[in-house]
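You will see two complexes here that share chain A, one where it goes with chain B and one where it goes with chain C.
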Partner chain A sequence: MATGTQSRDDNGALHWTDRLQRFDRRWIFLAMGLAIVLPLLFPIGLPIKVGSMAQATYNTVEEVKAGDVVFVSLDLDPASTPELEPFYKAVILQLKRKGARLVFATTWYQAPPLVERWIRDAVERPLAPAGTEGYSGAPDRAYKKNVDYVLLGFREGKQATIANMGADLRKTFDYEANDGTPLDQIPMMNGIKQLKDFKLLVLVSAGFPGAKEYVQFVQNRYKLRMVAACTAVSTTDLTPYYQAGQLLGLIGGLAAAAEYESLVGKHGSASAGADVLNITHGVVILAIVFGNLIYFIGRRRARTRARR
Partner chain B sequence: MKRTFPLVLGMLAGLYALAEFYLPVYWVRDTTTELQNWVSILGAAAFVLGAINLVHVTWPKIRRREQDWPYKIVLLFCAVLMFGVGIKWHRLFGHEVPARVAVSDGVDGMAEVVVEAPDDVMVKIGTYDPVPARTAAGPAKATVDAGKVSVALYRRVAGYQEISLDVDAAVGKVTTVSGDPEMLWGRKGRTYVWLYDHVFAPCNATMFALLAFFIASAAFRAFRARNVEAALLLGAAIIIMAWRAPVGRIIYSQLPDIGQWILDVPNNGSRRAIMMGAALGAISTSLRVILGLERSHLGSD
Partner chain C sequence: MVPLPLIDIIGFWLGIFLTFCILSFLYKDNPFYKLAEHVFVGISLGYVVITQWEDTIEVKLIDQISQGWWKLIPLVLVALMFVKAASKKLAWVGRFPIAIVVGLVAGLSINAVVQSELGAQIRFAAQPLVENKVDLNTAPAEALASVPGVSPAVAQKLVDERAQRPFTSVDDAVTRPSLDPAERAILDEERGGLVGVDAHADVAADQIDWFGLLSNVLLLLGLLSSLIYFYFSAAHKGVIGRISRFGVWVIMIGFGASFGFTVQGRIALAIGRAQDVLGQNLAAADAERVHGAWAALISVLIIVAGIVGWELYEKRKAGSGAAPGGAH
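And now, the complex of A and B:
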């Protein structure tokens, strides 16, 4: 608030720099609200350039072959849906059109109903059936429960659950899927006993426990191949693991999810959200620059007055 | 005994967890998995303790009409509500009505399956795509090959029973399946899912979304380049924000390279330093617990 630099003119009124620093913050909220809503109503559609981390993630997932079993950990809550769901849908489409079989689990107690909805929407229904507008890739198909995919569900225990899955996945989930079907009776689970039996781990992670704990507790120990998606705020936490090769790919936030959507070839909510990012980031940058400008002008004026 | 026993127990568990990494023996791995299962069970038990603690802390505040006591009533009500709808009442008091199957004469040379169900039910007959149970043309029906045919009935929304059965279709006969998937209770029940989708999820998302507004406000009011360190921080923040928005690279084509460098070099270097520092701290604290020097986790009694 720079209270130390506040000064009044000869009439006793606050200087304009002080007035600007004290102006009603609801104007900023309004500007932010408009910056979010307007690009959604009137898309700009700026081109999206793919970064190296998104490209590495895509290439790693592309190495999956038909019939390979991929583990997908959805460690999140509804708050992180706008940032993480676009990547989830894009990577599921990519895995489905490659013919991979999927195993889902979560270590977040808030997640199960969300995970079940995401599976209904993206796995049990085709995401890009033949003839989908604006999509030129191979069509995907509806997956069948316990045939093409298995939902293991949720287990409490955080890092301990992750460590347990690394050692004995079946025991961690009491030898059965979330719907009570014994894992022994699900043909696609043949040969899957622990995390290292999966061809790839896809971690969609909003915080603790999540991708970081997978790296720390099981990645190096079992030499697992993993890619991760996280919220933008967690990106800097996970980049050291990407740089070290412990994560083979990393998708940080909505911007990277938009890059991934363009790689997969089906634009979704992340591509639409890229316009929002353009404007909202611009608003925040302008707020920082403008705030500092006022601060320095006010400070300079206060010093000049003090010298007099 | 009250302090010594937990201390010794903690010491043994800690030493075992440490030794486990150096003992490549099969039974050691199994024992570790078992111990980690205990952690999961203890974690689950903590939820029960949490619920008891919630009542223990909140109820006296309501009784004494302390500040914001009406909110505490809302809190308790919501907790009790979620507990209530989490119980599988349909198993306790429900009466699951299975689908009824009736066979009548039909058109010669054709085997037909007809499904009688409410409008909001979806029907899947054999290999046909799912269709609504009732349309303007009448109930869902399909011509099938004679023999076993799978029929599935489910509602479009989650939280209802799924009925699936195999019926015998015969040539010249119409096999009519009647059913109404029952509403479920418990964690997969309709009420629980509805409350999650329409109350918890929007509230949760709203709390997170508010951050955007507070960050914008803080950016204007608090992010000040008061010294060199703060100026560096602000400069890096502006570059990263501009980089993460697609418009950034249109403004300046080298911005992605600069942003990636900031992420790869200064950020990762400092992150590693923090992580190593935290790891060393965790190791020293763990050693203090194992050796019995650190006793604060045992409480103050």
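And now, the complex of A and C:
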């Protein structure tokens, strides 16, 4: 990178600080690439410290009892999968082993194919059957559609849909599940008419509409018990809701998802990514410190030369 | 276990190939990068059009028209927006649908946002710097009744409830069945004065939470100084200027936290792609069917061979183009 401070010595060669400022940025990409791939291939197993927000989320979900119906809103797109899927799998395992029944919905038009795959992979299949290596918790089982879980599907309308679900969930989804089964014919939906009839709301949210809109449009009005997982970028936006008690738990990004996996006791892709996060952040910090150091040394040298 | 469908396996292979196509931009702009970029934009757009048609226009408009003439209103409103294109004189008609949409969203949002953002957030920000805590599981009924808003009747209900099963958290107490909704709301509001075992109140009764006190003081100073930074009716000089400067630091710390989380988010995306390529996001049986490492190797070979061929072709084209010019 050329700067106005660059200078040459008596032989006409660039000073080392200028040479370093001009070096090809693709070396940084290479360093980041190696910092990502190598720890995935050769895991170090750095310790994961559980924070208070992950602990609060876990405690709140632990209060769910066998037979309770929990609403899971998957408001996301494929781009947010790496950050949100680990928490989703961990919380679904926790809910399944507690014997909770699940109702899924989404307010994102990009989500339905993803939601169907996630349900197939984590709900219809056991996530931790008996004998799973490295897992000491209670095993979960395969859930059956419209018996143990219901997929309501997608409705357009963004925050209006969320407000409608708060007032009348059945009407919002035209009184039927995503596969066309009337909700009246699904025994686990007995007594479920609006969002406040659920024991807990688990919001897996990548942006708008998502956890923030659930807080704004239904939590305050119906005093709902909600926990949320969001992408790292949204964490600072949602933290005030957690601090004010509007969200009973918050999982922000992959690092917090790794904490959640360790609480649930099932090593997943977030735990595998925890080493990578630590190392890559180290690389980023080193690059920032090193880059600033080189810049200031170069600037000081240029000023000294100018004074002469 | 149900095996991974073939369509998903092909999806993984395509995903791996397109990932390396995008990474090939690190060499330079090339046909493989362009292919991935165009496929992404094209599929995204096609998907949006189809889902909006199937899930919204077809279901919420076309299918509804047969149920009554008033269902045509949305269609008429949309049609009004096109009047502007036909006549400049009647362009004002197009403002009606926009006004209806803006009014609808504003009406829906104002009350919700005021209650959830202003009400709850101000209540949280206006908490006392130091609070006397009362332990839900051990305090006698009189002590529980000393919490503002908790009546002796509610205190007695709490004592009865904990005798059946100790409270695991303030939330647990708030949701016990013997409490009616009004009593729950009061308890929920007073959660700062209660001690459960949840993360919101991890200080024992009669202890001062020094960390909480410091946090509250910082919160108060940060809140006021940030607000003053955005107060433009007074010149930012002297004391106001210094407070406003502190406010800028507080805001910058907030931006720094957001930036840090953004970096984490971007790295998480890269980790996700790497895990997909390495087959680490799949169950062992599925990973064996996908053969991610082989798909990655073949993708890289195709892209490298393709770029070499493309470079040779470009060189030859440039050479044959330059030859006539060179002859002059």
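Odds and ends about this structure:
Convention: the second predicted complex is superposed on the first by the 303 of 308 C-alpha atoms of A that agree within 3 Å, B and C clash if a C-alpha of one lies under 4 Å from a C-alpha of the other, contacts with A are read in each partner's own complex, and residues count from 1 in each chain.
In this text, a residue touches a chain if its C-beta (ideal position, glycine included) is under 8 Å from a C-beta of that chain, and two chains touch if they have at least 3 such contacts.
Just so you know, these numbers come straight off a predicted model, no measurement behind them.
In this superposed model built on chain A, chain B and chain C take up the same space, so to speak, and clash. In the superposition on chain A, A:120 makes contact with both chain B and chain C.
Of the two partner chains, chain C is the only one touched by A:215; chain B is not. In the overlay built on the shared chain, the residue A:258 is in contact with chain B alone; chain C does not reach it.
Of the two partner chains placed around the shared chain by superposition, chain B and chain C are both touched by A:232. Using the contact criterion defined above for the overlaid structures, shared-chain residue A:13 touches neither chain B nor chain C, since it reaches no partner. Within the superposed three-chain model, A:163 lies in touch with chain B and with chain C [touch as defined at top]. By the touch criterion defined above, A:81 lies against chain B and chain C together after alignment on the C-alpha atoms of chain A. Judged by the touch definition given at the top, the superposed model places A:55 against chain C, while chain B stays out of reach.
Once the two complexes are overlaid on the shared chain, A:293 sits clear of chain B and of chain C alike. Shared contact residues on chain A (touching chain B in one structure, chain C in the other): 29, 32, 36, 52, 79, 81-82, 109-110, 112, 117, 120, 155-156, 160, 163, 232, 235-236, 240, 243, 253, 255, 277, 280-281, 284. Chain A meets chain B in the complex at residues 1-2, 21, 25, 28-29, 31-33, 36, 46-49, 51-52, 77-82, 109-110, 112-114, 116-117, 120, 155-158, 160-161, 163-164, 167-168, 171-172, 232, 235-237, 239-240, 243, 253, 255, 258, 274, 277-278, 280-285, 287-292, 295.
By the touch criterion stated above, chain C contacts chain A in their complex at residues 1-2, 8, 26, 47-48, 51-52, 55-56, 60, 104-105, 108-109, 112-113, 115-117, 119-121, 123-124, 168-169, 171-172, 175, 181, 184-185, 188, 191, 197-200, 202, 254, 257-258, 261-265, 267-275, 278, 280-281.
Across the complex, chain A meets chain C through its residues 26, 29, 32, 36-37, 40-41, 52-53, 55-56, 59-60, 63, 79, 81-83, 85, 109-110, 112, 117, 120, 124-125, 154-156, 159-160, 163, 215-217, 219-221, 223, 225, 231-233, 235-236, 240-241, 243-246, 248, 252-255, 269, 272-273, 276-277, 280-281, 284.
Of all residues in chain B, those touching chain A in their complex are 29, 32-33, 36-37, 39-40, 43-44, 47, 158, 187-188, 192-193, 196-197, 200-202, 204-205, 207-208, 212-213, 215-217, 219-221, 223-225, 234, 237-238, 241-242, 244-250, 256, 260, 263-264, 267-268, 271-272, 275.
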